[in-house]
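In structure tokens below, several structures.
Each of the next two complexes has subunit A plus one other chain: subunit B in the first, subunit C in the second.
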Partner chain A sequence: MRLLIRRLGFYLVAAWAAITFSFLIPRVVPGNPVATAIIRAETSGQCNSACVHAIELQLGFNVHTTLWTQYAQYWGNLSHGNLGFSWSENAPVGGLIVSYLPWTIGLLVVATVIAFAVGTLIGVLMAWRRGSWVEWVMPAAAFFQAIPYFFLALVIVLIFGQTGTMLKWLPSLFGYDIYTVTPGPNWSYIASILQHAILPGVTVVLASMGGFILTMRNNMLTTMDEDFVLVARAKGLPTRRVVTYAARNALLPVVSNFTLALSLVVSGQILVEIVFNYPGIGYHLYQALSELDYSLVQGIFVVITLVVLAANLLADVVYVLIDPRARQAG
Partner chain B sequence: MTLGNAHLTPNAEVPADPAAGSAGVADPVLEIRGLCVDYGLGDEAVHPVVDCDLVLRRGHVLGLAGESGSGKSTLAMATIRLLRWPGVITAGEVLFHSKPASGERRTVDVLSAGEEELRSLRWSEISVVPQSALNSLNPVATTRAQFDDLLRVHRRNLSAAERVDRAVELLEMVGLTADRLRSYPHELSGGQRQRVMIAMALALDPQVMILDEPTTALDVVTQREILEELMSLRDRLGFAALFITHDLSLLIELADEIAVMYAGRIVERAPAVSLFRAPRMPYTHGLLHCFPPMHGERAAMEGIPGSPPDLRALPHGCAFHPRCPWAMERCRSETPTLVSLAESGRTAACWLHAGDVSVPQDLDLPDPLQPAPGAMGAAAPRFRRSSR
Partner chain C sequence: MAQNTTLMAAVAGGGAPLPEGLPGRPRALRLPHGPKVIIGLVILAVFVVVAIIGTWAAPYSPNATNVATWVRHVLVPGTGPGTGVPAHYYPLPLPPSSSHLLGTTVFAQDVLSQLLASTGATLFVGLLAAAMATVLSVLVGVTAGYIGGFADESLSLLSNVFLAIPGLPLLIVLAFYVPSAGTSILLVAIIIAVTSWAYTARVLRAQTLSLRSRDFVEAARISGEGRLRIILVEVLPNLVPIVAASFLFTTLYAIGVYVALAFLGLAGSPTSSPAGLWNWGEMLREGFANNAVRGGWWWWWAPPGLCIALLGTSLALLNFGIDEFINPRLRVAGLSRRAAKRAGIRVRPSFGVTAVVRRKAEPGGEVAAP
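Here is the complex of A and B:
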């Protein structure tokens, strides 16, 4: 318990530092990119003078108060959930991010969980049945592990996607069919979401499963040489029980891998979302950057940081739950 | 590390053997015949165990001594088919003569037993306390969960409460309190973990216990306590033990019979006291001179020159000849086999005892268990320190 409290303290400090940096960066970056962004907003015709003033306040441009006052204001806004105003989307940043997150979490988190579960299982099987046909999964896993996500995504779109040129089996653009389906709690909407999730989901599963397979297999092989596994066999326990003995222990380091992968979901899978024009947080981060909509970029960064820290905290909690040795450490 | 040098008295007065028959010799419970183990296959294979014969008698302690890498653990694990990959048993026979407290006697051929039969044999009849018992407990399970696992599989008729009762009873038997049931292995000291392991090994009243260096990782005091505990349990419960150690001095106290291994072969086998007082094989002689006596005159310590052989490149002939002070021409070309010596119950694999050369004095001391002609009643000679 003390361990967790200490970790929590550490994460609070990290969150404070990240938020402070996101406040400082637009104010101290040389070459004044903020000025360029504001001109872009003014000339786009979507941003009236009130809107421009809001951006200036948010990014600290053309404001004649001290940095400390701005910093206090920034925290004040943040505590009300006010992350600024996005001119390109013409909406408050906070609300926008809330609308992006379910897409990213729904698709990528689920895909990562599947990759973890299936990958770990295959890893255990491979270690236990060393030398059997399961071994052939390994080069395939290593291959998918090695090629970049976005490249795999492009190949998948090309072969299976309706925007591709070959099989045209499944939709490969957007989170649902934006032309024929009305969003709402109706079946056609849900079916459309599921259909659109298949290709990006498969991409993420394929690309991230390899790592889980390989680490689990290697951990499992080391653990199986441990004396307590030998004893489990000597005890005459059924094979399934012996495998659980080994797998339960081999799983410990993999679980921390998994939670780290979860935190990467929000930030690291940007390219997958871009390829599929999937309306999650990564795709919108890319959009905001190309529009120079820095308020939105800043807000997304803050949220990503918080999600990464939360995932790490989750990793710590899970670790304490599954490893009795971590419980009393510290 | 040697145990209790102060008490280096051989187990001459073997405690009255409860299982001994009227003939004075107990019947065998575990017989190993011509066992060979390879690691790897084909030409690359090494042979950690070659043609080993051992007989463990009911209620006895059979000591298996030798340097690291001499194949003793491999031999022990092979007897219950627990070799780690890529170990394979290439020849031999392991017979387990079961004589349960109730029920009929039967003999199981362990090497040809099916998976199910093997599983029912493991632990309920032959249990193992492996090398470094410190790592033998599952680090993420409580003591209670680990007892539970065992009893649930082998004693299906016990209820959950009865399983706990049995676990408590076993823990108390090895001197631990019931609250240790809630502990995880990392919350136990080395000695406590070893005791838990021994309690677990006793859980199903096995007829044979294989103890693979059970006290190596412990300090001398704890070692002594645990060994005494173990021996009193042996007297009470009557299991037979195959006790493996590199520490010959320890075996001399506990074992009824000792087998010495070198480079995968058993090179000498004798009753403990005979082996201690009158070694016949130069390697045994060398091992006995590796530890100092607490009493008696000061003597120069002698080790065995050289280092243990590489199993991938064993010397021709007797594997010990490069380190043997009495090596002869014959030892370089021919491998000696284990042959019975003139004294009953002793065997050795050494050309010096083939009968065609005179045996060096150091290897020809009178056996205390044999009536020496002309010197009846004389005390066994003091352990002689060679002054070479």
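Here is the complex of A and C:
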């Protein structure tokens, strides 16, 4: 328990740091980029003077109060869930992000779980059968690990996507068929969502699996040299059980290093969403970047960070559950 | 983007076993070897050469366009003779041919020239960012691990915060506020380095902590050596393999995020003013944004993507070599079935033992076997 409370404390500090960074950066960089963005909003015709004033308040431009007052105001807004106003979407940022999140989190969770499970299994298998042909998985995994997510997405669209030129098997644009399906709790909508999630999901799984395979293989090889494995073998336990014991122990560092893996998958998925026009946070981040909609960009940054921190806390809980040493220390 | 697998194991184990020098053979010469390392080095060398001579060797300037002959002109339906509307044409890129080995873009530019000219910025941003990040992480990690106390607490907190905040979104916000970032290799590299030093710092801190309490460091301290000298002479040399592995890993990561930034349009366009640098991510962005996938113009976007993957694979292969050097338990991977048979080892793998074989033909060279 004490470990978890300490971790929770740390994540609060990290969240504070990210939010403060997001508050400070438009206020400390030399004026040009912020001014350009505000002119862009003014001249777009979609943003009246009240809207421009709201953006100026959000970014601390042309505001004549002290930094501390603005900081207090910023936190006050944040505590009411007010992340500012997006002029390009003509809606409050908070509400927009809430509508994007389910797409991103749904895809992310399913893809990460599959990549983690399959990658870990392959990693165990590679360590178990080392020296045989499975060694050839290693350069392949390295290759997949080195491919940028969005390039893999482009290749998959080309081969399997309906907007590609080869097989045209599966839809590769949008989160559901926006022309023929009405959103709502009906079967055709759900089927359409599932169908549209296949290609982006496969991309994220393939691109992130290499890392899980290599990590697990290396941990497993290291663990298999531990004394307890030798003892288990000497006791005459069947190989399958010995491997299971070793695998369970080799899994611990993977879980405790989940932060890094997750950060990479999230970064990758942002790019995958762009290629598939998938209506999640990444795609809308891309839109906001091209419109210079700073409020939306920063809102998305804050929310992604908070989601990732929450996921890390969850990984810590899992770690405490599976490692008795962590429980005892607490 | 990749995870640095060995370093994870190193942290988890509280310190990887460092290679001990064999008697009669200087350690400096026992560099990682084996087919993986050699293949990795060869690929990397090719890219370095291309990066240096790329702009010069390119048949055309990457920005040069020739609207008259470098694209196919297709008549827009409903215009031209017989419709009463003046003829309008839209351009289609040319597929690879002898005059354009990788075809052209929809802007009537030569893809091969762009690919060659892009290699430099892509590779040098990666290497420079990794070098800066590595220096930063050695400073932070070794200081935190060796000095301990409050310095350790605060530096560890700093690196953990940087680790917990997802890297690419942080980088996006930073690059968003520095619109001129894409115009200089140095500026992009600094922004990337600032966001990518933390993991290595944490690994180095753990390793320094473990080294710090070893006998040879204690001995140096008791014999009255200064703190700086102990760090430079006793601790740092023992961190070299980890630093090298981290450098390769960070290079791989930096190239990945640079390309991603360019793909998002945050690294400046080469045709805007001030002009951004040509890089593989920019080529992918232009291809994607101009429907190269839908149009089936694979020659436009596939080569830069494959180059990134190939360069990344070469760095990863080198990393495997260093991994096996740091952690002998992984070294069996380099032993093929035939080599094992020649060394007289049962090939069927088993658990619990990593045998060390010394071949006669290669005195001192050791091969770990199952």
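Keep in mind that, in the parts below, the second predicted complex is superposed on the first by the 307 of 330 C-alpha atoms of A that agree within 3 Å, B and C clash if a C-alpha of one lies under 4 Å from a C-alpha of the other, contacts with A are read in each partner's own complex, and residues count from 1 in each chain.
Here, contacts are C-beta pairs under 8 Å (C-beta built on N, C-alpha and C of every residue); 3 or more make two chains touch, one makes a residue touch a chain.
Please read all numbers here as calculations on a predicted model, not as lab measurements.
Enquirer: Which partner chains sit in contact with A:249 here, subunit B, subunit C, both or neither? Use first/second/both/neither.
Expert: First partner only, subunit B.
Enquirer: With both complexes superposed on chain A, which partner does A:202 reach: first (subunit B), second (subunit C), both or neither?
Expert: After superposition on chain A, A:202 lies in contact with neither partner.
Enquirer: Please indicate which partner A:235 is in contact with in the superposed arrangement: first for subunit B, second for subunit C, both, or neither.
Expert: After superposing on A, A:235 lies in contact with subunit B but is clear of subunit C.
Enquirer: Is A:130 touching the first partner subunit B, the second partner subunit C, both, or neither of them?
Expert: In the superposition, A:130 contacts both subunit B and subunit C.
Enquirer: Looking at A:8, would you say it contacts subunit B, subunit C, both, or neither? Reply first, second, both or neither.
Expert: Neither partner.
Enquirer: Which partner does A:225 reach: the first (subunit B), the second (subunit C), both, or neither?
Expert: both
Enquirer: Please tell me which partner, subunit B or subunit C, touches more residues of subunit A.
Expert: Of the two chains, more subunit A residues are contacted by C.
Enquirer: Figure out whether A:325 sits in contact with subunit B (first) or subunit C (second), or with both, or with neither.
Expert: First partner only.
Enquirer: Which partner chains sit in contact with A:18 here, subunit B, subunit C, both or neither? Use first/second/both/neither.
Expert: second
Enquirer: What residues on subunit A does subunit C touch that subunit B touches too?
Expert: Shared contact residues on subunit A (touching subunit B in one complex, subunit C in the other): 130, 225, 227, 230, 232-234, 252.
Enquirer: Using the touch definition from the top, list the residues of subunit B that touch subunit A in their complex.
Expert: Contacts found on subunit B: 77, 80, 82, 84-85, 118-124, 127-128, 130-133, 135-140, 142, 149-150, 153-154, 184, 186-187, 197, 200.
Enquirer: Taking the touch rule as given, give the residues of subunit A at its contact with subunit B in the complex, in rising order.
Expert: Residues in contact with subunit B: 130, 225-228, 230-238, 241, 245, 248-249, 252, 322-325, 328.
Enquirer: Which stretch or stretches of subunit A touch subunit C in the complex?
Expert: Residues of subunit A touching subunit C: 10-11, 13-14, 17-18, 21-22, 25-26, 29, 32-34, 36, 128-132, 135, 138-139, 142-143, 145-151, 154-155, 157-158, 161, 163-165, 210-211, 214-215, 217-219, 221-222, 224-225, 227, 229-230, 232-234, 239, 242, 246, 252-254, 256-257, 259-264, 266-268, 270-271, 274-275, 285-286, 289-290, 294, 297-298, 300-301, 304-305, 308-309, 312.
Enquirer: Can you list the subunit C residues touching subunit A in their complex?
Expert: Listed in rising order, the residues of subunit C that touch subunit A are 1-3, 5-6, 8-9, 11-13, 36, 157, 160-161, 163-170, 172-174, 176-179, 199, 252, 256-257, 259-260, 263-266, 281, 284, 288, 293-296, 298, 301-302, 305, 308-313, 315-317, 320, 323, 327, 329-330, 332-333, 335-337, 340, 347, 349-354, 370.
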